[in-house]
Amino acid sequence: MKAPGIKIKNLMVGFSEHLPINQIKWELDINPGELVGIIGPNGSGKTSFLRALMGDETFLSGEILIGGESESVQSWSSKKISQHFSYLPQESFFDSFQETEAYLRLAFLPRLGLLGRMSQENSAQLDSFARDFELSSYLKKRLQDLSSGERQRVFLGRVLLQPSQMVLLDEPTNHLDPNVVEKTWVFLKNQKNKKTVLVATHDLSQVERHCDRVIVLSGREMLFSGTVSEYQTREIKRLVFPFTY
Amino acid sequence: MNRKTLIVAALFLLVVAAVPWLGAEPISFLEMSNPTSLSYRIFWELRIPRLLVTLSLGGVLASVGSTYQSLFRNPLCEPYILGISSAVLLGVVIAETFFQQKVGTPLSFLFGFGLALMLILLLMIFTSSTKFSSDRVILFGMGANFVLSALLFLLLSFQTQSVGGGTLKWFFGFLPWVETSKAVWFGFGSLLFLILLMVFSRPIDALRLGDSVARTLGVSPLVSRNSYLVFTSLVVAITVSVSGTIGFVGLVVPQVCRIIFRPSSMRSLLLQSFLLGALFLSVADGISRSIIPPFEFPVGVITTLLGGPLFLITLWKKS
Amino acid sequence: MNLSKFFPKIRVSLVGLVFSAVTFGWVSTSPQLTELLFQLDLGERLAGTTEQSHYPEAAKKLRRVGQLFDANLEAILSCSPSLVLWDGSSFNPLVESRLISLGIPTVKISLDSVEDLLRSSSFLVQKYKAGKKSGDLIRAEIEWDGLKKKKRNFSFLALAWGDPPIVFGKNTFLFSLLEGLGGTGILPKLWNRNYLKVSEEWMMAQNPDQVIYLKHDEASASFMTKQCEKWWPRREVKCVGISAEKFARASLTPLLFLSDLQSVLGPTQ
């Protein structure tokens, strides 16, 4: 199955239960298999936007069409959401005494058998992914025994391990060392065309180097949406960061 | 089966075998061959049914506790957090104050359970609104507990005498003496509860990660959480109507299970909590009956005395 | 192997030898019931009673089956009871239902007023003594009949406690006793409880002729007198103390010390 694109029309995003300050309706298209960076200062609405894309409670009105689907996202059942999306929140809840492997297994939760066992295929997927993502040595450790950086990689791992093809990541590189950050972005880049990935982040340089598309939010407004090369013109940058440029 | 599980299983069997020999009246192993002897009658007609009820109650309370701790992502949750227990206690005190029905009469049971049902109804109305998050449910429970406890103490202040078999003692947990047939039904009921909960436990694993993430794992947060709440609340109401409030079992047993067994999923945690909870309550019951016979301490006092230090130990282990 | 046939007084348990008598008979669940049974000549049927059953002397030798009003089921069963007796204070529905399911007969006796007491006594005597009343019962019935004829007229407040003031309510033994003597009890309206905690303001608003209280010692007597002076500074209210110890044995004995009570209350008007 090809990674889906997103068509967004007249989207109104609610910010913590209030109506948006601006009645501007957002319109944008995301091409299939793109790696999209969503940047902006804290409080600009990155998290709310990501959640609205899933049809969560921040979605107020408008249409979000995923792939070739005719029905907009807000009317999807949880089952359908799980088939298409995986999501990493900014702060992840976890059970301290759970082992890493058990946590990663949650990626296959909708597909577990009657007795709660993974299929052979999924089990093999988990093992190979753990190797690729350098988590093999943690598998039997309890989550509370890991450092926050290692834990963040496990959380991210669960999201990427999920078979869904739309990946929404909210500041996935928090707590991570710079070299690990680099490796993670390279890994995300390698997911192109297999999955459509949207990343909300502060890391401008990574976005400029790896992403196909950039969305800039500020003050709950969408300031810019377009390809990275369009973004890199000075005019746009001045608009976004008036103090730097 | 690893070593830890074996040890706990052995402990469980030991306790189950030993506890029925403890109690107000010393019974003799040698008399057991004679069906008309006192030992035989006490053992089979009193102690064994009581053991069944104890195991069932302990298991149910611990399972509900682990469910709430996972649903609300809060290690301080326990079965009485939604205020159901206060509702039952208030109902029982109302029956006693205004209708002179002591604890144990059918009317008393009706009042207790009835008031709990009303609270569950109120809970359903609140939680069906989409604005109701996990935190709000806990706050609802706290509010209910405050109000109901206040009403409870109001009524209790009218009573200037305390009589034997009294309600106040029942507040701290009183494991009932029942006929063997009722005890067996109770046992089956609790096992059924456990099995149902285990079969439908997968959404809890997802909800543990947060409501938004749960949706991406195929779980509808509102519907699932509300179903669990209503189901477990009904069961908690039944347990409180039967035995009063027994503290700490639902709070501390799931924590201990997490530390010892490191369950990989909610399903395992439920089973482990049930067995450990049954074990814990049986031990407490045995102790309550053997310190100064024939006086029986309310079992809730013993569970608190045992559970309190255990809880502190689990906190220390967590840090 | 049935050892108990050969050694009825020894019961072997897992934690060692236990010497305890295996008894058969009735079990009473409160001290006042026990005393009543003895006064009805039914005492020899008793096998067990609860703690604090000190009267008469024979009751001290009975096997204990639990705390004051809190009989323990296993202990009751160890008396191989042929009948278990409850009164209003000791009745425990949970234990009662289990006893019934085990096929053990029970009976609930009311001792809440003098009339109830006499009625219950007649019932017990009728059922278990073929109607043969004991000397004590006959005397009590005669005295009570006599009292009801001699009507005094006084209003009273019966206090169980002085501070905070707790009033004996309608369904208590002392209240019914005093009303039988011709007194009119003063009670807050609408309240139906046995022991009513009242405010001092309410006390001051009442007009009793007599205040009857339970006297524990001389200190409590003088305390009570002071309280009465405080509540009714301008009136002469007679403060009458009843020995708390005597009153605690609320069975036929209050009637037997009725003479004390009468003398203390003053002669018939």
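In this document, chain identifiers A, B and C correspond to the written order of the chains, with residue numbering beginning at 1 in each.
Rule of thumb we're sticking to: a residue touches a chain if its C-beta (ideal position, glycine included) is under 8 Å from a C-beta of that chain, and two chains touch if they have at least 3 such contacts.
Small disclaimer: the values here were computed from a predicted structure and weren't measured.
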{"item": "Graph separation of chain A and chain C (steps between touching chains)", "value": "2"}
{"item": "Most centrally placed chain, judged by C-alpha centres", "value": "B"}
{"item": "Cα-centroid distance, chain A relative to chain C, in whole angstrom", "value": "77"}
{"item": "Length of the line joining the C-alpha centres of chain A and chain B, rounded to whole Å", "value": "41"}
{"item": "Residue numbers on chain C that touch chain B, as the complex places them", "value": "1-4, 11-15, 18, 20, 22, 29, 50, 64-75, 77-78, 80, 89-98, 101-102, 166, 193-197"}
{"item": "Chain A-touching residues of chain B, taken from the complex the two chains share", "value": "70, 73, 130-131, 202, 205-206, 208-210, 212-220, 258-259, 262-265, 267, 318"}
{"item": "Interface residues, chain B side, partner chain C - complex", "value": "21, 23-31, 33-34, 37-39, 41-42, 45-46, 102-105, 108, 158-161, 163-165, 169, 174, 176-179, 294-296"}
{"item": "List of chain A residues in touch with chain B within their complex", "value": "17, 51, 54, 56-57, 77-79, 81-83, 85-89, 92-99, 101-102, 105-106, 109-110, 112, 116, 142, 144, 162, 164"}
